[in-house]
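You will see chain A twice below: alongside chain B first, and alongside chain C after that.
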Partner chain A sequence: MSNRGNKSGGVKPRQIINNIIFLGPVIAFLILMLIYPLVYSLYMSFHKWELTQITPPSFIGLKNYINLFKDPLFWHALKIQIIFICIAIPLELIIGLLIALLFQIEFKGNNIMRTLLLLPFFILPSLSGTTWRFILHPTYGVFGAIYRFLGKEPVDWLSNGTLTFIAVIFQDVWRTWPFIFITLYAALSNFPQELKEAAAIDGASKFQIFFSITLPLLIPAITVACFLRLIDALRIFSEVYVMTEGGPGNATTFLSIFIYKNAFRFFQMGYANAAGYILTTIAMIISAIGLTRIFSREIYEY
Partner chain B sequence: MKFKLVFLLISSILILSLVLAQTTPYKTTINVLVWDDAHTKAVKSLIPEFEKVTGIKVNFIALPTRSVLEKAAVGISLDRTDYDLVSIDEPFVPQFGDLLLPYPLWPKGKIFEKVDLKDIVEGAVNAAIWEGSARGLPINGNVYVYIYRKDLFEDPTNKEEFKKEYGYELNPPNTFKELLDVSKFFAKKPNMYGFGPFTIKAEGVTAEAVFIMSSFGTDILKVSGKAVKLALDKKKAIEAIKFYKELLETAPPGKLSFGHTERIQAFNMGQIAVMFQWPALIPNHEDPKQSLVAGKIGYMVPPAGPARRVAVTGCWILGIPKASKNKTAAAEYAYWWASKEAGKKLIEAGMSPVRKDLLSDPELQKTRKWYRASLEAFKYGISRPRFKDYARVSEVIQVYWTKGISGELTPEQAIDSMYNEIYKILKEEGYVQ
Partner chain C sequence: MRKKVIRSLIFILALIIVLIELIPVILLFLTSIKTNMAIWTSPTPFHPFKPTIEQYIGVFRETTFFKNIFNSIYIALWTTFFSVLGGSLASYALARFPLKRKKEISIGIIFTRMIPQIALAVPIYYMFRKIGLLDTYTGMILAHTTFNLPYVVWLLLPFFQQIPKEFEEAALIDGCSYIKVFTKIFFPLVSSGIIVAIIFCFLGSWNDFIYTLVLSNVKTTTAPMLVTTFVGMYAPEVGKMSAAGILIILPVFVLALTLQRYIIMGLSGGGVKG
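After this line comes the complex of A and B, so read on.
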């Protein structure tokens, strides 16, 4: 029986007051910092609101959403966002997993190497974008120098849509694979070794042990890591902004850059809010699915 | 004795306060939002001097160009403002015009005289005008000036080789044909390239596209009052893209991702023979600490295209938001900044002037040789399209111009798409029925 209520099933007034005292500030903070902006931006997404104009916002119903669904650039932004997620996260997962497995082997300097490998993850996204912009520069960048050393004409990575998109993925993988690595490394380090030892005694090969024991045990950690990366990848902005500004053309205009441009370049806040709401909805759906999966008993019980 | 001392002390403080109160008529703080470059760095360095004379404390907020517009958009409305004085880039004046106090209504200064717009170069004054009145004080005399490697153009061997190959004298290019010839000529030299383009997706691309297309005889839009008409002549625009593609062949590696940083760097390293430059950025090239070609640079008006000679303007204005509660102090600061006396000191610190008397000052022209070219270039000044939805049109120009010059689209496809997209914007915003 729950000890939260009294014997008659009701709640004591004092408990209610205590609850309000303890939860009130948090609820107030949530309302002010999360619920209110969400509700307000939803409300404004039904308005034509030009930031620098003296005319007040005017209600236009669903027109912003209808225009958005008719806007080829919006669909382009959504498409490349999905492609980006589908390529970058699996790459980060593969690299992170392989390196985490490698670090299960004890060797001299293991700790230092592990710390050094984490460094890219601590670099600010905008700094990472700027750095990569110069690394890839055919005249001043390292890549250009390598090409010249090999006697070849340097490739201008950021001048071609496809190459730029690849470069953005490359930059993202470089910066964020350590996150997956450290998550999986921590999970691997906590595995019960008896299972592997028993399997080895029974004659299982290393591949069999990996695919039948290690990988299934890693699924919860992989799910958490991928879920967090997915949410992060949906919000990718500053590194791309400083690296390409969404160009060349619109080759790297992800949803966040599309929203930013509409809000702060074209000053169309209503339209930008509508696009922002769609991105928020996508993130919320993914979060709901991800959280359900992560907290399900099925995953946590080996 | 003690009483006398106290009396003397109090009297002295009172007299001193009175004197100070008379010399500094303001006791206020103003928030000033500006772009960040050599020009504003110079102005910032002399703020203590202004504060000492006026008693106005200046919160000088210098941000990268794009961030200035964002901050201004968020920080200014009709009934409230975070800033008392804001800088607005020329093509965005229509966007912010309604929020700014028209210049004729600016209060007179108590210390510095109100600047007469007749003292400012005409092209820059035009940059401030929206719906018949100046919405602020033009403060930055930016106009396309062509810069070239004077030492290379005067080199006898180069002259001889050029004449042999092209059949005429090697001189700073006066026409687009000559520009292409000299660019091709220098691109053949070892470790040397011809032309320094602007290709990174930014306002610079719009300026470059407008410049080349206009030189070929076509405007993109015709704006008359509130009427906006799509005026892009596709045939001429295609010719313009084809010409720029040829010029690009002579540019250094990375030519399709060239912004201000890359252009300044390449020119300063002595890799580029000729390119356009904004006067505000020229001090970077003439600083021996930063540039290997300082003192070896020549300046001229942009070469004439097949149809006409034009020079794109890129001036900034200082505007006082209508909601500002410190209009007089803000105006005082703007008058100081734009005054001839302060101007002379600011120039020494790196500012690019907009006043006729400073630009034409023979003493200043001796050490700043681009002033003469700037003054001349303003005579051919053209603006980027000036209307409230400029930003969307500029984005379209940037996207399709770069696609056209990079070969991602054919020039015909690029111009068709540019035309259709701009038409769509005009239709959405009600300019086209």
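After this line comes the complex of A and C, so read on.
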């Protein structure tokens, strides 16, 4: 007999065993390695907790959070994180969209060029960090060579706060616009061709077709791509840590780097966990908004 | 005729875009085949130089490259195995079982993929320190599974949901167990999704830097960490950094170039059907 015919509404033992076999390992793992650390992190964030543990952890309630809100460096980290997101993601979206549209046109080598464009996205973030550090180097890097070619004294970009911030944005745009490009390209390729043809016959101009047909149909793909980028931009760490170590000064100390430094440089585990919790909360709010929008539309329609 | 001219112009434009985009990779490669002296004297591709493999030999002889690569592969393989096995079982159940609240459970699992890794790495570091899992393979594999497992669920859920219900109903009525239905019917049907999951779990683990930085020391350090030890940026270090970097991205590039179709499917997860 089928074990899904539950007329009484009760769950049959066999179904319970199936649930345990199929879902049990994953749920157990997630509780042990995700839920427990997060609860533990919350617990630590209410304590003065030094990694060195010369003094044992002492309960201080919300003091870490209060100190955090008084810490100008935390606000600075939050501010540059927001500026970074607001500049980098729109740039990536515009470049990605324009080039995705360009590649909709058939030309020689379209296929291979598309793949080549994707390569930077597969460079390890940490290697991207070292590579850019090297390119920007005044003596060995191309940047230094360009300055010398123009007859000027090479400028060390990574010793100037503003220039370093620009370089980090540049690095991020370089590495991740191909992701938006390929997502939008895939979505564009799936469009029904008849729609565009019908509009063209009706005498619509290319711009009209783009703004009244193509763009609205692309919105779901743009939403998913930007949502994933937003989540990654919010937790950006490796590339910046390797490229600038958060410096010069604190010019590129994003939230993740702020947390890392507090935990493993200053050994303030309680303080670091409090900051970690705030970052997690921001990420969860964004995910809640993003995921419910994506899921309500795409997946649970059956 | 006009159309042909426009197409050639677009071809040239696209070619320029590709070249500009690949400049950093090209520079990295060119630097990896220069002598220490040439790195200093010819920093751009327009300066002539004689290619050499001495940087690669330097990486092999003077660094822990092979050890780090072994660690990377070992950790990535086990992480991939656990993530894909656990993730595919769970997403099958979440897509097919008559469960209550499965939408909430699915979104809950996928939610965990969005947690900033550094916020998780700090408490995990402390947990591992207490139970002696710092700088162990077990610890690294567990840590890497935290981000790969939710990814597999997010990726595979729509694959399982797309399969018509009749496929399993017939089998279940015939008395097959869910495990048999899963292995005999579903696993083959979602094989392309499984391939994507394997590729991306491996890459995710291969590319990870945060957990290696926080949790590993001498024994389990992975390859990305090796590259970052050369950031002192003297000429010999730049050369070795480039050579090691090229060696580490080479397998990734080969994967991306040969398995393009799967890569595009995997990038946006289940949300977009590529």
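Side notes on the structure shown:
By our rule, the second predicted complex is superposed on the first by the 289 of 302 C-alpha atoms of A that agree within 3 Å, B and C clash if a C-alpha of one lies under 4 Å from a C-alpha of the other, contacts with A are read in each partner's own complex, and residues count from 1 in each chain.
In this text, contacts are C-beta pairs under 8 Å (C-beta built on N, C-alpha and C of every residue); 3 or more make two chains touch, one makes a residue touch a chain.
Fair warning: this is a prediction, and the values are worked out from it, not measured in the lab.
When the shared chain is aligned, chain B and chain C each come close enough to touch A:137.
In the superposition on chain A, contact of A:160 is made with chain B only, not with chain C. Of the two partner chains placed around the shared chain by superposition, chain B is the only one that A:267 touches, whereas chain C remains out of contact. Within the superposed three-chain model, A:103 lies in touch with chain C and out of touch with chain B [touch as defined at top].
Looking at the shared chain after the overlay, A:248 reaches chain B, while chain C stays out of its contact range. In the superposed three-chain model, the partner touching more residues of chain A is C, compared with the other of chain B and chain C. In the overlay built on the shared chain, the residue A:52 is in contact with chain B alone; chain C does not reach it. Residues 137, 139-140, 144, 264 of chain A are contacted both by chain B in one complex and by chain C in the other. If you check the complex, the residues on chain A that touch chain B are 51-54, 137-140, 144, 153-154, 156, 158-161, 244-250, 261, 264-267. Those residues of chain B that touch chain A in the shared complex are 69-70, 72-74, 76, 78, 95-96, 98-99, 199-202, 252-257, 262, 265-266, 388-389, 391-392, 395, 398-400, 402-403, 406, 408. Across the complex, chain C meets chain A through its residues 7-8, 10-11, 13-15, 17-18, 21-22, 24-25, 27-28, 31, 39-40, 43-44, 86-87, 89-90, 92-94, 97-99, 103, 105, 107, 109-112, 114-120, 122-127, 142-143, 145-146, 149-150, 153, 157-158, 161, 169, 172-173, 175, 177-179, 182, 203, 206-207, 209-210, 213-214, 224-225, 227-228, 230-231, 233, 235, 238, 241-242, 245, 248-249, 252-253, 255-257, 260, 263-264, 267-274.
Of all residues in chain A, those touching chain C in their complex are 1-4, 6, 15, 18-19, 21-23, 25-27, 29-30, 33-34, 36-38, 40-41, 44, 99, 102-103, 105-110, 113, 115-120, 122-135, 137, 139-142, 144-146, 174, 178-179, 182-183, 186-187, 190, 220-221, 224-225, 228, 231, 234-235, 237-238, 241-242, 255-256, 259-260, 263-264, 269, 272-273, 276-277, 279-280, 283-284, 286-288, 291-292, 294-295, 298-300, 302.
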